[in-house]
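Two complexes follow with subunit A in common, the first pairing it with subunit B and the second with subunit C.
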Partner chain A sequence: MSNIYILCVEDEPEVLEAVIRDLAPFERVFPIESASTVNEARRVVAECILPKGKLGLVICDHILPGEDGVSFLVELQQDSRTVAARKVLLTAHAGLEATVEAVNLASLNHYIAKPWTQEDLLNVTRRQLTDFVLEQETNLYPFLTILEADRLTEKIRQAPLPSDE
Partner chain B sequence: MDRPQLPEALARIRTELASISKVQAESNSFAPGDYLLREGQVNEQVSLILEGAVELLKTGEDGGEYAVGVLGPGQLLGLLSLSSGEPAFLTARARAHTQVLSLDREEFARLLRTRGDFNRLVAPLLLDNLVNRYRRVVGLHLEVAQLTRELNAEKQELKNTIAQLQATRNRLIQQEKMATLGHLVAGIAHEINNPIASLARVTDSLESQLGRVFAGPVAAHLLPLFQRAFVLGLNRKSLQTEEHRRRSEQLQNRFPWLGRTVIRSLAQLDAPDFEELYQLVEREPERERLMLVERLVDFLETAVLLRSIRIASTRIGSIVRSLKNYSRQDRAADEPIDVREGLQDTLLLFGYVLKKFNLEVDLPPIPTVRCATGEINQVWTNLILNACEAMGESGTLCVTCGTQPPDWVWVQIRDTGPGISEAVRDKIFQTHFSTKHGAQYGLGLGLAIARGIIEKHGGRIEVANAIPNGAQFTVYLRETENPPPVP
Partner chain C sequence: MTKKQMLGLGLGLVGFLVPWVVDLPGLNFTGQVTLGIFLMAACFWVLEPVPIYTTSLLVIFLEVLLLSAEGPLYTMSRPPTVQPAAATDVPGVWLPGATLKSERFVLIERAGTAPQQLEVEILERQGDQIRVRQANLSTNELVWTKPDHWQATYRPSSYRTFFGALADPIIILFLGGCLLADASVKYRLDRALTRLFLKPVGERPAMIVLGLLLATAVLSAFMSNTATTAMMMTVILPILARMPEGDPARIAVVLAIPVGANIGGIATPIGTPPNAIALAALQKAGIHIPFGTWVMMALPLVLITLVLCWVLLVRLFPANAKAVKLDLEGRFDRSSKALVLYGVFGLTALLWFTEQQHGISSNIVAFLPVVALPMLGVVGKKEIHALPWDVFWLMAGGISLGTAIRDTGLAQWMVGSVNWATLGTFAILAGLAFFSYFLANFLSHTVTVTLLAPIAITLGASGQAGSGFSLATALVTIAVASSYGMTLPISTPPNAIAMGTGVLETRHLVKAGGLIGGLGMILVLLCARYYWPLFVH
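What follows is the complex of A and B.
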């Protein structure tokens, strides 16, 4: 099994730290990478994530210096290597236009408003990663203890047993 | 007198006059345009119009001649002079071929008095004349009253329209200000939301973090290690994500037995500090090292959380301070101020709008300027938002300042947008001129308001196209005059 990464993109160092801290419970299975600009995020995906595994979830700030988060999510959506990644927008500035754009073009999966609660962030992350592994992974057992176990077991039960083949 | 009887009556008067001996009645003819009488002239005659039409004119106060009526057959000319002996009150001019019968006024009066037959003939005419004139006077009064009423109504309407225009203009300016205020509020919400989010998360994390710190006893000889970790965490410097990643990779390679979360925490430490701590860890037996490092990280993280609280609250404090400075209601309108402070505050408060762009700020010290801080900050806000809007999605915003002899201070805001075409350059400061379609940041009154404020402060604003592209607005304000020497 290759690593499934979580990527956090946020330009405020303290906010980025808080996101990563909140997501720490996932880290024993899903390594977390971070970036503070879109440019850096691109490099991290290309150099640190894709050579070693898959991008499973992106949590991206909306307004970033230079390029905004939505355009980065759109870019990931257009790349075959990252199209499957679940995309979450984290924002303090809930502009309707940007949200619509994100939903339509980037197939945004979820939208988190700042300030968030850890419970929310964990639930969203758990659901999105469950969706990702259900869609992308064949062996679901490693995720049973950390993701939504009921949905995973349901899928496992439906799958034909190896002896059936 | 009834009109059909008129020719007959006139003929009889003529016959009657001819029959009276010693009466010199002149019969006179006038071509159109001929004057029968001029205003102010001594008039010794009374004339009976037999046929044609006579126009009456009066000179107004402005020297112009105004038509005041027309006399026709059967009407008398010179009645006023007849009764008062005063010079002619009106000018009379033939409008058509006119024939009159004229009599000396004294003769006319004498005949009226002495000759019953003459009196009988002329009296109805006189009465008719008077009635006609009286009617005309009454009619004129009514007309004047009507005109006055209409004039007043129009005046009132005009007044209402002006008031409405004024109100509309004020409302638009108010709306524009509200639009800017809306942006300001959105900006503050955004700016304050990050530290708030950080604070909220830190407080939650602190609970569990402190729980871990107090989870077990600390051996006395290890106390310095944990204390040191705590102090290093408190004073940690801000770290670029790339540098943090580089350090994490190095540490992970060196300590493959440590989890990513622990590595991430340790990577916050500068290399010498980490080595200092790790030396202390290495003194302990190998089997205890993992537990030690994890505890060390608990202390370190607790301190980092406290540091985050400090940073977030400092940040909120500076936003609030900028906000207070921005509007500056507590300062006098003409206090000498350093406009650079207002520029910095504006840039900070609109940080979320500016994030998309490169920002080049070069603000060397300049003399102070006497102005109302809040108003002048509105100028910077409008110019900066305008520049951002012109640039759209990306570009560079330059904010610079300087001085120009003899006593000008200037501030320049330059963008790399499309610039301003020659055709519209004169119009951009007009109320309601806008190149924006469905303007993003306001109604297009921003520049008009900015110019109003600058001119109120005795300054001026100039616009030019920047090189190689974009627009540049330069605001000139007079530096504070030297205070008068103390006697």
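What follows is the complex of A and C.
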């Protein structure tokens, strides 16, 4: 099984640290990578994530030094290797225009407004990653302990079984 | 295509062709053709260049083409015949000399069956013509001019025999079992029962492992081992999240599922396909083991094995956690259709277990749910389409190959090439058990039993294995031993599912599976020696 990565893009170190700390329960199954600019994020995806696995979830701030977060999400949406990744915007100041662009061009999956609560972030992450593995993975058992077991179970029960006993 | 698959394809084709080219002493032509089919099927089943159930279908197709009375090989290679010419003024009829077999017999064509052999008195020879006397030989008969033709000693089966394996009574038994299981999954009876079984076990990890072993075994006695494992995994993996990371008991909990499923499959004729293959082979040999009798034979073995498995798992992977909370959801569905299902399930099971009292074969009883469940709307076309047809076809190929091996005399020939009498009855039984266990670790269990059943059948029928040899015991031993083959991730689909959870490493499976298999073999042989002969002869 190739790894499914979570990527966090955030320019303020304390905020990035807080996000990663909040997501720690997922780290065992979903390795977390981080970046502070779009340029760095692009490099992390190309050099650290794609050679070893898939990008499952991006949690991205909008206001970043240099290019903004939404344009990075749009870019991921246009690349066939990352189009399946679930895209979450975690921001305080995305204007209407940027948000509309994110929804229309990046198929934004969720918008979390700062400040966030850990519970909220965990729930969103769990739901988005569950959507990702339901869509992308054939072997769902490894995720039963950590993602939404009910939805995974339903899919497992409906899938044909290997039956050469 | 991997190297292994290429090897399988190559060996299979060579195996199929060799008996056509090489003349094997003591084996007739059709026996050789069957040997070719057998060798090819064995290579394909073992090395899997194509999915194993497709090999089964190919076996049936080749049998129809090459062995049946309606098949092209038989119909297109009929031997030439001649009509006797009437002799004028002298007794008898004229025939070509080539029609004579052993200087005394001629063969008369009989449509659709082997030729009739008539003894003739030779009255006169003139060149290559002979004049013979035989009261029943009129000038209307057709006499074979090649009496040593391969068809002379072969009575081909109708193609119905080979196609019929697809609806063999044992397949019907399985069909009934599968439909009941599918309906139970649809109405979540399996989950509700699991909850019922696990309620009394409390919170101690060791007791939870015992509860899981028993619950899985009970379910897999009626459902397919694979389906049971898949369902149980969805029950236990969320629970596992509450156990501390690195606690060895997590491994024991996950291992309990495939182990329970593999062992539980032994308990009933419908528990797993190998049991059915063994029963089908026995039925063809005229021995019927009722449903209840099988359960009586298997249950003590299953229970003792499960207790041993429990001790082993708890010892090998002792828990650090003192208590694990199980809060399982899942209630019994009380809709009217679910109630109908419970009724049909209960009635079918009751009739299966009381076969000896009412005398209706379990194969016939199995058709009750097949008729009742769709008719009463409990299941629909969706469930019918979702039945494991590949499993039925895999079994059918095995049943049909077994029939061909026996009917063409191939089994007789294979067994005759070993001097079994020197081995002793029990040694033969032990050999079959170990061979079955060994193969089952690498092959599909159904294929294992399919390959070994004809050998056992012939050993029994030929009397070569000594008078103490019980055919029924031998086949039960082979089938049961195959269920213990669970050392490797590839041994059975339940193992593969357990490995797929990511909680286990291969070494855990090898350690537990190997020990259980070894202990299991001892138990199986003890049963074969002292317990099973009480039920079957």
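As a convention for this text, the second predicted complex is superposed on the first by the 162 of 165 C-alpha atoms of A that agree within 3 Å, B and C clash if a C-alpha of one lies under 4 Å from a C-alpha of the other, contacts with A are read in each partner's own complex, and residues count from 1 in each chain.
Keep in mind that, in the parts below, contacts are C-beta pairs under 8 Å (C-beta built on N, C-alpha and C of every residue); 3 or more make two chains touch, one makes a residue touch a chain.
As the structure is a prediction and not an experimental result, all values here were calculated from the model.
Engineer: Just from the overlay, do subunit B and subunit C fit on subunit A, or is there a clash?
Structural biologist: fit
Engineer: Output check: A:V100 vs subunit B and subunit C. Expected answer is one of first, second, both, neither. What do you get?
Structural biologist: Neither partner.
Engineer: Tell me the contact category for A:V83 with respect to subunit B and subunit C: first, second, both or neither.
Structural biologist: Neither partner.
Engineer: So, does A:S36 touch the first partner subunit B, the second partner subunit C, both, or neither?
Structural biologist: A:S36 sits against subunit B, while subunit C stays out of touch.
Engineer: Which holds for A:E17: it touches subunit B only (first), subunit C only (second), both, or neither?
Structural biologist: first
Engineer: After the fit on chain A, how big is the angle at subunit A between subunit B and subunit C, using C-alpha centres and going to the nearest 10 degrees?
Structural biologist: 160
Engineer: Contact-wise, after the overlay, does A:A46 reach subunit B, subunit C, both or neither (first, second, both, neither)?
Structural biologist: In the superposition, A:A46 contacts neither subunit B nor subunit C.
Engineer: Taking the superposition on A as described, I'd like to know which of subunit B and subunit C A:R28 touches: first, second, both or neither.
Structural biologist: both
Engineer: Which partner does A:L64 contact after superposing on A: first (subunit B), second (subunit C), both, neither?
Structural biologist: first
Engineer: With both structures placed on chain A, which of the two partners, subunit B or subunit C, ends up touching more residues of subunit A?
Structural biologist: B
Engineer: Upon superposition of the two complexes, what minimum C-alpha distance (Å) separates subunit B from subunit C?
Structural biologist: Across the overlay, subunit B reaches subunit C at a minimum of 11 Å between C-alpha atoms.
Engineer: Would you tell me the residues on subunit A in contact with subunit B in one complex that are also in contact with subunit C in the other?
Structural biologist: On subunit A, the residues that contact subunit B in one structure and subunit C in the other are 28.
Engineer: Subunit C touches which residues of subunit A in the complex?
Structural biologist: It is residues 1, 28, 139, 141-142, 144-146, 149, 152-153, 156-157, 160-165 of subunit A that touch subunit C.
Engineer: Can you list the subunit C residues touching subunit A in their complex?
Structural biologist: 51-53, 185, 224-227, 230-231, 233-234, 237-238, 240-241, 245, 265, 272-274, 386, 388, 390-391, 394, 444-446, 492-493, 496-497, 500-502
Engineer: Quick check: in the complex, which residue numbers of subunit A touch subunit B?
Structural biologist: Contact set of subunit A toward subunit B: 11-18, 20-22, 24, 27-28, 31-36, 40, 44, 48, 63-68, 92-93, 114-118.
Engineer: Where on subunit B is subunit A touching in the complex?
Structural biologist: Answer in residue numbers: 186, 189-190, 193-202, 204-205, 238-242, 244-245, 259-261, 264, 304, 308, 311-312, 352, 355-356, 358, 394.
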